[in-house]
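Both complexes shown next keep subunit A, but they swap its partner, so subunit B is in the first and subunit C is in the second.
Showing the complex of A and B:
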């Protein structure tokens, strides 16, 4: 059985507020058969965002080089880094550069979710330059998957939250899913329905099939 | 119903007949998990297959594709799993499963690396708690925890004679290692010594150390503590030619520094003009104390030379004991500066209180205790005269007292900060999870939350034929970042 793949496009919250014409998030749901599903949320504008950040970094480097060359000149006299006209701009440029590099590295390219009813739920975040971070919640630690409304900074947004249980997750009772790219509520609802269907359908189907099997055996006997 | 087969990666690409051993677990939700843990070569000469290998159960075999077996053949050998291999494929293929209900549609084969699974640990928990965690309900539906537990290396109990010898040797080594702490405990629990040592830092640390040792929670910390303590003890005894003089010299150095500090205060510190008579009184009093302390040091110098060797042997107990002893020594050496701080603090508080009260009197007010407020009052002339004299005297003496108070309060704060640093270092050395850090550095331990499940691609789709029905077999692989 070939896996069934469905692709949908949604707006992120920032895109909605900006009034973007095209959807910037692509939701790819891959039903692998049985009780396994793979969901991938891709940021279609990641390349543009990365280029923008890199351009800002290059502009900062160019401006800083121009300033220091203009200030120090081409003389052979010794230059001390402790001079105020060199030290303060140097610290400022370094701080801004660090902030720009940090924001560049934190851009999210894609978020992948692997859910298997009898195994685990795995959340994988791919950031700029292919850096990955993985979180795996085993089957026994999954309590429920809910769609929650959150009010933050006078803004109402929705979060898909994984409720956990067990001693290992006492300090993390809730884990947000697909939170880095701020998807809209339509995307979250779609994801929630898919996950919840797998969460409930497995138990329900197994119970019904077992009951039917037992009933058939009883009828035969 | 769901069926999962956990298989080591190296067995998945095996091209020879092999017996598989492991465990089977069936959960309440009809989730069947086969944990393949070990394998042995299959010998066709043996008619009966060895069904027991240690604590593991016989699960099945990896056979050649030419082996034409039917259901009866599998049942005869009491197999639960059967894989086949051939020359055209690099990996093995599942051909038989003991539990195959009609409504089963999907089988998962999960490949794992034995070494990686052994090095899994739960963040925030010690390694010793792994066995206790099995009784917890968390591990019921957590396959990775179960897999990690099953793959832990087990101790061999075959050589009992060697075990007895090892036990006796370990007992002897433990007795030798614990003898210093036993001696210290015997000395500390003495009635006469206990009344004095209860207030010392080393006794408090001994109690904390005893509690940590009884819990058996940080064995690596204890070993490291002992090693560092012995090394430092040897260094001190080697470098210091006269160990007793070292302590005396430090004490005299502290006394000289205090003399220098008082000499600075004798003049006009930071341009402040202090009251001459009060300043002289302070200086005479403090110098007398320092002279008394110096005389006391000269008196106990022969005793220190004899006792220092015993004090140095504290290193056998551990580095943390040495730090605690250092804290006590600093407290003893700085005892006089602490007394100076107390004197100036009391005097400063008295003057501050006196000023606040006399200020009200000079302004013609008084505090009504019954009504709880300040109200005006007509004082007599002689009362105002005395209040003015005392207020003026205290006000003019306040800068001198304030300077001394600030100086010795700063000195006290510096000493307290130093002691706090040593206290923090001692606590960190005792409770730092060194074992986990070492495992992470050397063996590359991974947290169980960072497991990554990946698909293993097939050049052709794998399935299992059972009663004219295809059951899909999907292969996954467990890795870590």
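Showing the complex of A and C:
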């Protein structure tokens, strides 16, 4: 059976604040049967953002090389790194470079969510240069999925939150979903409704007996 | 109408300001307005929460500096306050309490955003000491940027007008109210014998006159049928416990400690007389709650207390031990003459009578009988009111009905809405007007105002007002 695919475009909060005219996030929802859904949130401007970050890094390198060559290259005296005109600029350039590299590596290309009522919820984050991080929450550890308001970075925003239960998630009872790209409330609401529909309206038997039966099988295994 | 209540004092903290903000918000919600409350975090209570009636509360992650108040920096919380006011589309910013640094900061931010601002003052302040002078000057500066002010009593209005130098036409008087459905009388809870319980319910601090109470309790040492129930906690608790030990009244003075507000009634209905020894009060909610529960109220005649209850419900005395003691004796005498006291011989509340229809009562004068007002020594202070001893004690249920007609939150909310309507019809302050007001009332504050103004400009560039994400309103579901 061919999965049903729907694609929507939304703004991120950053794009809204910048007054962008074109939506920078693309929400792709694949309905795979009655109990499985794949949701992917793609950063359409990731390439541009990455180029911009790399340009800044290159500019910093060029400026630092020019400065150090101009300061030390034509001097016949012995160069010491402890000299103030060498040490302070070096620390400053290194700090800025670290920040730029860190922000470049933390750029999010896409966030993928796989939810199956039978199995688990898996959250995959793809960052720059193909780096991935995966988080999997088993079905029995999912308490609820809520759309909550949070205070972060001196601002108030909405966040899609996965509430967990069980001893494995005792130190992390809530897990934010699609948080890295700061999607707007419209995108989060759409995602929330899709997930909650699958969470509540599964075609499988969700009675306690079925849950106990599955739990028993887990114990046996 | 969209209103934002701002104060450092809100639940889970317990107090008069907290109760006022909560009840007023609930009533305004029932009138169809959109209300949000802004306060700082209380321990684990942080973030955005919804309380009864879908009242939205922002517990901002701000550290508490002193006595449940944040550090009065005046500018550090501008970004968060601006974010909340804009996303909630607030029309009126209503600050509460002169002690609240968060309220003052939010009022300034609201003025800079072009919103209407209202301030409610809940306390009386002096003029002589250094702390009062500083607080008055700060209040003067902030009220210069406020559209309208509300005081809880006429004495409070007079006090605010004098110390904050605000025009009297910009100050309204709207008293507090009490939930009479919660504070209902229950005479059955009172002792069935001749014991009289005197209830004191307040924080045990100097301002509440606990030193006066410590001087009054020993005077009933030789009166075994007079008991005290003291509800509350504070620094002066040790003093009361010491007095109790010295006078050997452990069995007759009950120190309950701090209790939740919804449990205060359980102690009030056990009493016959409510004693308030405050040294200063703009409006005393405790005496209204006690009157609603059917207790005779004996209070010091300070601040706005004389205008809170009618003479039929309260006995006023000067804030002196002798005067308060005399008023208590009057209350005891009135209580003994009352005709609706529950008889211990029957359970239905009716007095037993003989065949001739006459009420038979055993009258025996005891050695420890309280001294009647006519037998007071010459050195004692005269009663607060000459006719107090002759007035009959009102039925507890009648007291509740009377308090309900005098003070109810619906009336308070309607009067507050009138103030909101008034300020909404006024023109917003321009930046130059705000600068002039700050310069006129306190030029030292101009530095903070300028910093806040430029901070707002930067925030407008960083997070433009028109692009702020609007909060979704939670609607009540029809049951």
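Rule of thumb we're sticking to: the second predicted complex is superposed on the first by the 195 of 221 C-alpha atoms of A that agree within 3 Å, B and C clash if a C-alpha of one lies under 4 Å from a C-alpha of the other, contacts with A are read in each partner's own complex, and residues count from 1 in each chain.
Keep in mind that, in the parts below, contacts are C-beta pairs under 8 Å (C-beta built on N, C-alpha and C of every residue); 3 or more make two chains touch, one makes a residue touch a chain.
Predicted model, so just to flag it, every value in this text is computed and none were measured.
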In the superposed model on subunit A, is it clash or fit for subunit B and subunit C?
fit
Once chain A of both complexes is superposed, is A:155 in touch with subunit B (first), subunit C (second), both, or neither?
second
Going by the contact rule set out at the top, does A:66 touch subunit B (first), subunit C (second), both, or neither?
neither
Using the touch definition from the top, say if A:19 reaches subunit B (first), subunit C (second), both or neither.
second
When the two structures are overlaid on chain A, which partner does A:140 contact: first (subunit B), second (subunit C), both, or neither?
first
Applying the document's definition of touch, where does A:167 land relative to subunit B and subunit C: first, second, both, or neither?
first
Going by the contact rule stated at the top, is it subunit B or subunit C that touches a larger number of residues on subunit A?
B
Touching A:34, do we find subunit B (first), subunit C (second), both, or neither?
first
Aligned on chain A, what is the least Cα gap between subunit B and subunit C? Give it in whole Å.
16
Over in the complex, which subunit A residues touch subunit B? Could you list them?
1, 32-36, 114, 116-120, 122, 124, 132-141, 166-168, 171, 202-203, 206, 209-210, 213
Show me the residue ranges of subunit A that touch subunit C in the complex, using the header's touch definition.
13, 16-17, 19, 148-151, 154-158, 184-185
Could you pull out which subunit C residues touch subunit A in their complex?
47-48, 58, 60-61, 79-80, 83-84, 87, 462-464, 467, 469, 471-472
If we count contacts the way the header does, which residues on subunit B are in touch with subunit A in the complex?
1-2, 4, 29-31, 101-103, 105-106, 108, 110, 122-124, 133, 136-145, 448-453, 472, 474, 476, 480-481
